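Look for chain A in each of the two complexes below; its partner is chain B in the first and chain C in the second.
Presenting the complex of A and B:
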């Protein structure tokens, strides 16, 4: 039995395919169209899913969609009516897309996919809940989903057991932690639905003491929080429910200045506001989680929704709440709901037993050695061939120890926003200049953002003050933990200002070559940790194909790409036509 | 399992089940405007549409 899941028309469209209870393929549309956060119908992702299993759409038993469009339409109309006439402009601008595509989702499914069977619509937060619980290692777990907004719901909790999910309580739009985070993100001059993680990264530079951070007290005026974590916004501080900008004048007055312009300097007050926001979020989340534990009396928790990508808070959950184990799927945001849709249809609607646990994120397109070689030869690219895996590992580790920047293109692409060792840029974290080198050569990031470390799972507890045992979400770079003091100065490019690191742990069973390279690098430098950042140029999605990877290297300062079992050196090849650097935008 | 209905069938079921009758005039208005836009692109009827405004 095959089930195809679709998520689209908001942000990060995706498709996922389930075969007899097992997720066999999943990808986001942006990786194919090369438009970051592409929200169009995921026809390329769907085609990839089908092709990966050698099937056609006729073999698919059900197609599922990640929300109920009419329910969402009801919310849209309701919010516009309540704010009329202030909402007239956004009403007029949003209606064409609703009439043309969002309400008529059956049309592209029938026409583009050429699918004639049944389509099932799963509520958005149920899709989130299913995307985490049904593929988690837990038989029974409390579930918390927190995002911007689905149809009406912004936050929900419940209990999952075997192949059933019961969502018990919900908080509805416009009261939304995700939208609060996005509003302050917009206020700080960053892009919404894209740069929330930058605000999270900025927060440790601010005053993280709730007693002395004046913005913390100010932000508390915006939200009324009850002891069980339920919350209600004072909507006079927001405009997102009727306008195309998020903070209101009143919020700007409360925070003491207008919205920061994108390219202007990030000052101390911006850092303090980011810190205040993070503290407000953490305080509410802790209250909610304590309440969820009390209600469900379960020691396992699974999270989903965009807020579940707040890795700084995720790393504190087991310390701050009674939960003992945590699980988050690698694509916890809207893009990840397509695996929730297929799992929900199979396990809950069709009542089949759960037989699948997501153990790695490598569900995307992969390219055989033959395909890569053909690409290289066709484009007259100069390369050398590794004799075997040992030579590949030894050479790569040596180049990394010499502080070269390596594009690492191996196996199937990652599912979710993080590069986890299939489409990564790797470098030496021990080099104190590596952060600057990477920024200069490739990433052009804001200075306040450090890079992420990757460490073999069996070495993690030596360098990082993780929960024990190391929770599985660290495999997906979803938990931030303190780096032990004695190591901080030895791995400066992955150490944040507060001494933390957003680590990725890797097990050999997940990715043998990647694991071996890290270990071998450790034998050269005594520290088996690498910098792992996504293989892309600023403003573009992570590379997908050999062409994308090669173009990225030639357009940037990446020194080598290790692609399948080939080594390509940038200096050996002509840059001219491949130079995409000038197209880089954020 | 219920088979997928047409869009109008789905809207009707939605309004009936959720008792969201307040949406009816807005949906009718949007449909009429949509029809008007589609027809206004046809040269045979466009003189009459332009005359209306």
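Presenting the complex of A and C:
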């Protein structure tokens, strides 16, 4: 039995395919169209899913969609009627896409996919909940979903047991932690639904003491939080329910200045506001999780929704709440709901037993050695060939120890926003200049942004003050932990200003070559940790094909690409060099 | 030949932009009518009858803002609906 899941028309469209209870393929549309956060109908992602299994759309038994579009439309109309006549501008800008696409979702499914079978619609937050619980290792778990907004819901909690999910309580639009984070992201001059993680990365530069950070007290005025973590906003501080600009004048007055302009300097007050926002979020989330534990009396928690990508807070959950185990899927945001949809249809609606646990994120397209060789030869690219895996591992580790920047293109592409060792840029974390080299020459991004360390799972507890045992979401770079003090100066490129690192742990069973390179690098430097950042230029999606990877290397300061078992040196291919800096816009 | 090709390329591009702009103007006019007549009248009547479409008011007295959802497995027919 095959089930195809679709998520689209908000941000990060995706498709996922389930075969007899197992997720066999999943990818986001942006990787194919090369438009970051592409929200169009994921026809390329769907075609990839089908092709990966050698099937056609006729073999698919059900197609599932990640929300109930009419309920969402009802919410949109309610917003406009509540805010009449202030909402005219957003009404004019949003209605054409509702009329042409969102309300006519059956049209692309029938016409573009050429699918004539059954289509099922799952509530948005149920799709989130299913995307996490049904592929988790837990038989029973409390579930918390927190995002911007689905149809009406912004936050839910409930319980999952075997192949059943019950979402018990909700908080409705416009009261939304995701939209609060996005509003302050917009206030700080960063792009919404894209740069929230930058605000999270900026927060440790600010005053993280709630007693001395004046913005913390100010932001508390904006929200009424009850002891069980439920909350409501004073909507006079916000405009997102009727305008495309998110913070209101009153919020700007409260925070003491107008919205920061895009490329202007990030000052200390911006850092303090980011810190205040992070502290507010953490305080509310802790209250919610304590309440959810009290209600469900369950020691396992699964999280989903965009807020579950807040890795800084995720790393504190087990310390600050009674939960003992945590699980988050690698693509916790809207893009990840397509795997929720297919799992929900198979396990809950059709009542089939759960037999699948997501053990790694490698669900995207992969390219055989022959395909890569054909690409290199056809484009007359100069390269050398590794004789075997040992030579590949030894050479790559040696180049990394010499502080070269390596593009690492191996196996199937990752599912979710993080590069986890299939489409990664790797480098030496012991080199104190590496953060600046990567930020300016390769990624063309803001100086304040830290890089992530990757460490073998069996070494993690030596360097990082993780929860024990190391939680599985750490494999997906979803947990930030403090680096032990004695190591901070030895790995400066991955040590954030507060001494933390957003680490990725890797198990050999997940990605043998990647694991071996890290270990071998450790034998050269005595520290088996690498810098791992996504293989892309700022503002572009992570590379998907050999062509994307080669183009990215030639446009940046990446020294080598290890692609399948071929080594390509940038200097050997001078004729293809170009400058990607002007493209580096979010 | 190339000049002719370039002319038609530019011509079609211009026509496409013209079409896009025209449809944007027509859309805006029609949608403005819908907005002021449909949304506007409903909003005015709703205000007269004190109907609220969004729950915007804070209530310091209540103990919780959590609302019952009780969302669980439904009959398969319910999932065929877009609402």
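Everything that follows uses one rule, which is that the second predicted complex is superposed on the first by the 578 of 586 C-alpha atoms of A that agree within 3 Å, B and C clash if a C-alpha of one lies under 4 Å from a C-alpha of the other, contacts with A are read in each partner's own complex, and residues count from 1 in each chain.
Quick note on the criterion: contacts are C-beta pairs under 8 Å (C-beta built on N, C-alpha and C of every residue); 3 or more make two chains touch, one makes a residue touch a chain.
Model, not experiment: these values are computed from the prediction.
Visitor: When both complexes are superposed, which of chain B and chain C contacts more residues belonging to chain A?
Guide: C
Visitor: Is A:70 touching anything from chain B or chain C once the two structures are fitted on A? First, second, both or neither.
Guide: Both partners.
Visitor: Of the two partner chains, chain B (first) and chain C (second), which one does A:459 touch, if any: first, second, both, or neither?
Guide: Touch partners of A:459: none, neither chain B nor chain C.
Visitor: Looking at A:104, would you say it contacts chain B, chain C, both, or neither? Reply first, second, both or neither.
Guide: Touch status of A:104: first partner only.
Visitor: So, A:119: does it touch chain B (first), chain C (second), both, or neither?
Guide: Once the two structures are laid over each other on A, A:119 reaches both partners.
Visitor: Is A:95 in contact with chain B, with chain C, with both, or with neither (first, second, both, neither)?
Guide: Both partners.
Visitor: Between chain B and chain C, which residues of chain A are contacted by each of them?
Guide: After superposing on chain A, chain A residues 70-71, 74, 77, 81, 95, 118-120, 349 contact both chain B and chain C.
Visitor: Can you check the complex and tell me which residues of chain B touch chain A?
Guide: So the residues of chain B touching chain A come out as 1, 3-4, 7, 10-11, 14, 18, 20, 22-23, 26, 30, 34.
Visitor: Which residues of chain A touch chain C in the complex?
Guide: 68-71, 74, 77-82, 84-85, 87-88, 91-92, 95-96, 105, 118-123, 125-126, 153, 156, 158, 164-175, 224, 226-228, 230-232, 234-235, 241, 345, 348-349
Visitor: Given the complex with chain B, which residues does chain A contribute to the contact?
Guide: The contact residues of chain A facing chain B are 70-71, 74, 77, 81, 95, 99, 103-104, 106, 118-120, 349.
Visitor: Quick one: in the complex, what on chain C touches chain A?
Guide: 27-28, 31-32, 34-36, 39-40, 42-44, 46, 52-56, 58-60, 62-73, 76, 79-83
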